[in-house]
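In order of appearance the chains are A, B, C and D, and numbering begins at 1 in each one.
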Amino acid sequence: MAPSRSLPHFDKATLPLTSDEALMLYEDMVLGRSFEDKCAEMYYRGKMFGFVHLYNGQEAVSTGAIKTLRPDDYVCSTYRDHVHALSKGVPARQVMAELFGKATGCSKGRGGSMHLFSAEYGLLGGFAFVAEGIPVATGAAFQTHYRRNALNDTSADQVTLCFFGDGASNNGQFFECLNMAALWKLPIIFVIENNEWAIGMAHYRATSVPEIYKKAAAFGMVGVEVDGMDVMAVRAATLEAVQRARCGEGPTVIEALTYRFRGHSLADPDELRSRSDKEFWMSRDPIKTFATYVLEQGIVTQADLSAIDQKVAELVDEAVHFAEASPEPAPQDLHHYIYAD
Amino acid sequence: MAPSRSLPHFDKATLPLTSDEALMLYEDMVLGRSFEDKCAEMYYRGKMFGFVHLYNGQEAVSTGAIKTLRPDDYVCSTYRDHVHALSKGVPARQVMAELFGKATGCSKGRGGSMHLFSAEYGLLGGFAFVAEGIPVATGAAFQTHYRRNALNDTSADQVTLCFFGDGASNNGQFFECLNMAALWKLPIIFVIENNEWAIGMAHYRATSVPEIYKKAAAFGMVGVEVDGMDVMAVRAATLEAVQRARCGEGPTVIEALTYRFRGHSLADPDELRSRSDKEFWMSRDPIKTFATYVLEQGIVTQADLSAIDQKVAELVDEAVHFAEASPEPAPQDLHHYIYAD
Amino acid sequence: MAEMLLFNALRAAIDEEMERDPTVFVLGEDVGHYGGSYKVTKDLYLKYGDVRILDTPIAENSFTGMAVGAAMTGLRPIIEGMNMGFLLLAFNQISNNAGMLRYTSGGNFKVPMVIRGPGGVGRQLGAEHSQRLEAYFQAVPGLKIVACSTPKNAKGLLKAAIRDNNPVLFFEHVLLYNLKEEIPPGDYVQALDRAELVRPGQEVTILTYSRMRYHCLHAVKALEEKGYDPEIIDLISLRPFDMETIGASVRKTHRVLIVEECMRTGGIGAELSAAITERFFDELDAPVVRLSSQDVPTPYNGALEKLTVVQPEQIIEAVEKLVHGQV
Amino acid sequence: MAEMLLFNALRAAIDEEMERDPTVFVLGEDVGHYGGSYKVTKDLYLKYGDVRILDTPIAENSFTGMAVGAAMTGLRPIIEGMNMGFLLLAFNQISNNAGMLRYTSGGNFKVPMVIRGPGGVGRQLGAEHSQRLEAYFQAVPGLKIVACSTPKNAKGLLKAAIRDNNPVLFFEHVLLYNLKEEIPPGDYVQALDRAELVRPGQEVTILTYSRMRYHCLHAVKALEEKGYDPEIIDLISLRPFDMETIGASVRKTHRVLIVEECMRTGGIGAELSAAITERFFDELDAPVVRLSSQDVPTPYNGALEKLTVVQPEQIIEAVEKLVHGQV
């Protein structure tokens, strides 16, 4: 079955890729996919608990968007945050250790799957409540704006990427922040991963105008839709938006049309999405599509890709070993981190 | 000085008025104005306390919109609620008594100026927190929708009018409710009284796209702007919206461009609005303009209008007498009305 | 009598009340086609349609306010908080409008609505999904707050809450949905304002609610073997407290242990302890003791999480100390 | 020493801290051009510009979350709640993010921010504008909660709050802004976690905060004339309590009266009473007594409003009863 609205087509020729770039994008997507597959395995083996939301299928969005950033830029995520963390550079072992609840995890085992944080890598957090990260991300962008405009710090050109879903786009915080971001021209990009579902709620049943990118216009902001299964399309749109944000020209809404290949979380029976829908979207697997393209274009070789597959598999295995070997947080540290000194 | 955006022009000829209609509209506006002037007097004489927000200047909106309704329709208001209550039919004496904190007040002296309620007259309330009335109004509209669609009650065609200001239109609840109202085609009309200011915050400093009616399109809803100083323009737009709502065709946003002739509340020094702005808007006094028009058109006579002025003055005086003569709530009733039986 | 799982008992309560009264409806996230995250409304949309089982957008504040408006105008909404924590976003609508509007309106309107869903600390759900909102909401005037704990009381209490003409915050516990119990057939209600005497005893009064009832029962088993005789009372109503039942017990045992899952500071136990001390000071042989969760956001790590929440061993120890006058 | 009005003392605190530290900024509704509803930020935008004194749209939840994000990344926001009650709309951002995020992030981020503004019952402002949010927020882990009460402590505490690396909920009182007092010149801070001994005494410990301090002082004047000798302690810190100062007093007087403006159920006094009884049961000659507001939304009518809030006569009566062992 075709998706409920026609997908925008991206002319890949407009984004020439070097082989290094192509491999970097490929590696990041494969890392995301492999990491999540490993999580599922570990979850079913009782190594991690709670709600675990995997990202399979949406890799082109994380990679396409985040891999345009500098290390000092910010990313804000949701409960579906593993892969955003990885794309932003948080080491896989730190993420895996967090999922195992270990003291070596990026949130010291206190956060868990829905609460990944890394000050070092500019990850503002995984926010477990729908839409609550949007204002926080807006605040990080405001901080850049503040340093530039109130403190005259000309080096203040960091960009904040704020990720959330179609379901979140019906929440008031989204609109409140669109307004403030546009009003003050904050350097933020709202990346909406429209995977058509909010748990069991089909997007078209939850919203009166399903084209989320169109809400941007109501706030005088640029809004674009992109094929969220095409890493190059996402990258091209984000590059443009990042450019706009960096030079103080304000925010952008990017709606990426995508799909998750698994249930909402590992606890979700996933009974409502039709088989034909799933098949349609699976056939557009962003990793396979990208691999085919870069091979066809002769930008990379199959050997290059295989080497990456191999490398990533080792990395993910290493992450599991690290997580398993890591210590639990010390019981006497239960009250650590409540107050800062 | 001209207003920050050009006012839509309404062709009055498109709304023929009988003399009864004209007098009804005139009377309601004069009642609103006189009542508020009396409130100011009573406040300065120490008869009422707390925050009192007067409506002077905006009468064309209350009258133009509410006087299209049936008694069984609903109105939802804010802290600036006296005149909406009057237009909906709550007797002036009940409103005045409430402001005096008397047991005969429409909220039994418990609510005060910002919390007028009347189940009898379909006034869902004055809501003191900005924007919090919007969901409540949406709920009343949902109730009508429910009776019609879930209970097959064909008499369920009541309309809910939800009033709020330009400042409120930046709040998330507004957008959340636009979405739900449009999604379910609820019989509600969002009447935004854009008086250009939210206390001391100029609308254009608070919002990235000052044309509030344009937000409606982002939700697939009809949005119109009207000259909020022209009671006939407001009436015409509301008649259309009411018609749409009654027959189940969904909600409407009406942005009425208006101005308040006094400070935000009686405690507001009102130092930020420019004199030229005030003069511009005062010159468009909705009551004077309407009186001039209906006299010029020969729809009514000066004697008709004078009789109404007289009648309203007496009514407002009577309301004060009633309020003064009314008893305070009994101390032993302090705990009444917490729980319903 | 038939055995029923707790989530099905809740479902039965809703189903029966919806049949009984056409103004009763359910709204919330994924209550319809998905059947509710904990299956409490499973397939009810097939019977009652999409309007009476209303799937909402993720807009807690507004759909809660919408329920208030619907309640004011004659309907009886049941809001499902997919997780009660999400209703932090609806705090204003719950406190100002659900809770206070009847009073502020001088009795013009009543607001008959139920706000229900899973609360409490689950199994490694992380800080935000492990809220105990009863502590945050207990001071809101006009609300009734109830916590169910067994399939039987879940059904009877929920039916009573739906029929009540006031806003009722109704807490289920994320770890109790699969409890199984025989419950009476057909229609029955349980009073919202009465505590349940779970186990009569002479030596100490254990006041608890929700999931901690089971930790107490667990502890009491061990205590019985050691020869102790504690009384367990399940509060059921967290606002207001059933001070009659509680008082009768205190007058008998003269010692009180509160076992709660909310954090210590500003928890339910705080008000309860204060209220008991005020009224029954001369009856008390020892200070009221609170066993509460630690004052920390719930950590994800399983061992830390366990340390955060009261465990049966602590109850055993506290009872022994209380009885031996070591407090 | 110069005399200063409380609102100006707060303004001075903000001004001095903004001068001292360029990362400090103010945001909220009408804090800029309008100067703040109670003039606390009057004309500061002229000195610091529109970015450092940021007028926000009416979007409490989002601008609070925005402050959290700014604090996480190096700024020190001061949010003005035009009325603290409005922050009910920001409950989720205050609890989940301001309060808990540091912990949940395993110490990755700190959230240095102040959320300040007028709370309490004013003069006939109606139910929604008469909130006492300290009761609702007291259970949130990670927050510090402070209530100032004099021009002098207002300035010192606010400066300390701004320099603190944690989220501080800072309550002013809508009826105290025009208090006048001599305050020390220039820079001084007052510890956030220390109670103030307002009047030393021997017979009974009166624990209070914010505006009720004055009702207590008022009552104590009359009590002194009758020959009583109560001790008054202003809590200052509502989370956590300064149990050291409180304990020293209880050990001396053996009787405690709590006078608070929040509603009785689930108020600050509830936790305080429980905490005192737990730790000092054997020191107490009588149960801890709470004088609190009635459990009703604040009615508009002036006479009812007065009945809702504790009055000095009630304090006098309670002290007399306590001292004479009639409690």
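Of note:
The rule is simple: contacts are C-beta pairs under 8 Å (C-beta built on N, C-alpha and C of every residue); 3 or more make two chains touch, one makes a residue touch a chain.
On a predicted model such as this, the values are computed, not experimentally measured, just so you know.
For chain C, the chain whose average C-alpha position is most distant is B.
Of the two chain pairs examined here, B-D and B-C, the one linked by more C-beta pairs in contact is B-C. For this pair, chain A with chain B, the centres built from the Cα atoms lie 45 Å apart. The distance from the centre of chain B to the centre of chain D, each centre being the mean of the chain's C-alpha atoms, comes to 37 Å. Chain centres here are Cα averages; for chain C and chain D they lie 30 Å apart. Centres computed as Cα averages put chain B at a distance of 41 Å from chain C. Annotation for chain B: residues touching 2 or more other chains are 107, 109-111, 115, 129, 132, 170-173, 176, 179, 183, 206-207, 338. Across the assembly, chain D contributes residues 56-57, 59, 61-62, 88-89, 92, 96, 103-104, 126-128, 141-142, 295-297, 299 that each touch 2 or more other chains.
Contacts from chain B toward chain A in the complex involve residues 170-176, 178-179, 182-183, 206-209, 214-215, 217-221. Put simply, chain D touches chain B in their complex at residues 29-30, 33-35, 37, 55-59, 61-62, 85-86, 88-89, 122-129, 294-297, 299-304, 307-308. Of all residues in chain C, only 61, 88-89, 91-92, 95-96, 99-100, 103-104, 126-128, 135-142, 239-240, 262-263, 265-267, 269-271, 273-275, 277-278, 281, 286-290, 295-297, 299, 327 touch chain D in the complex they form. Of all the residues in chain B, the ones that touch chain C in their complex are 74, 76, 105-111, 115, 117-119, 124-125, 127, 129, 132, 134-143, 145-146, 149-151, 172-173, 176-177, 179-180, 183, 336-341. Looking at the complex, you find that chain A touches chain C at residues 49-51, 98, 101-102, 107, 109-115, 128-132, 167-168, 170-172, 198-201, 205-207, 272, 328-329, 331, 334-335, 338.
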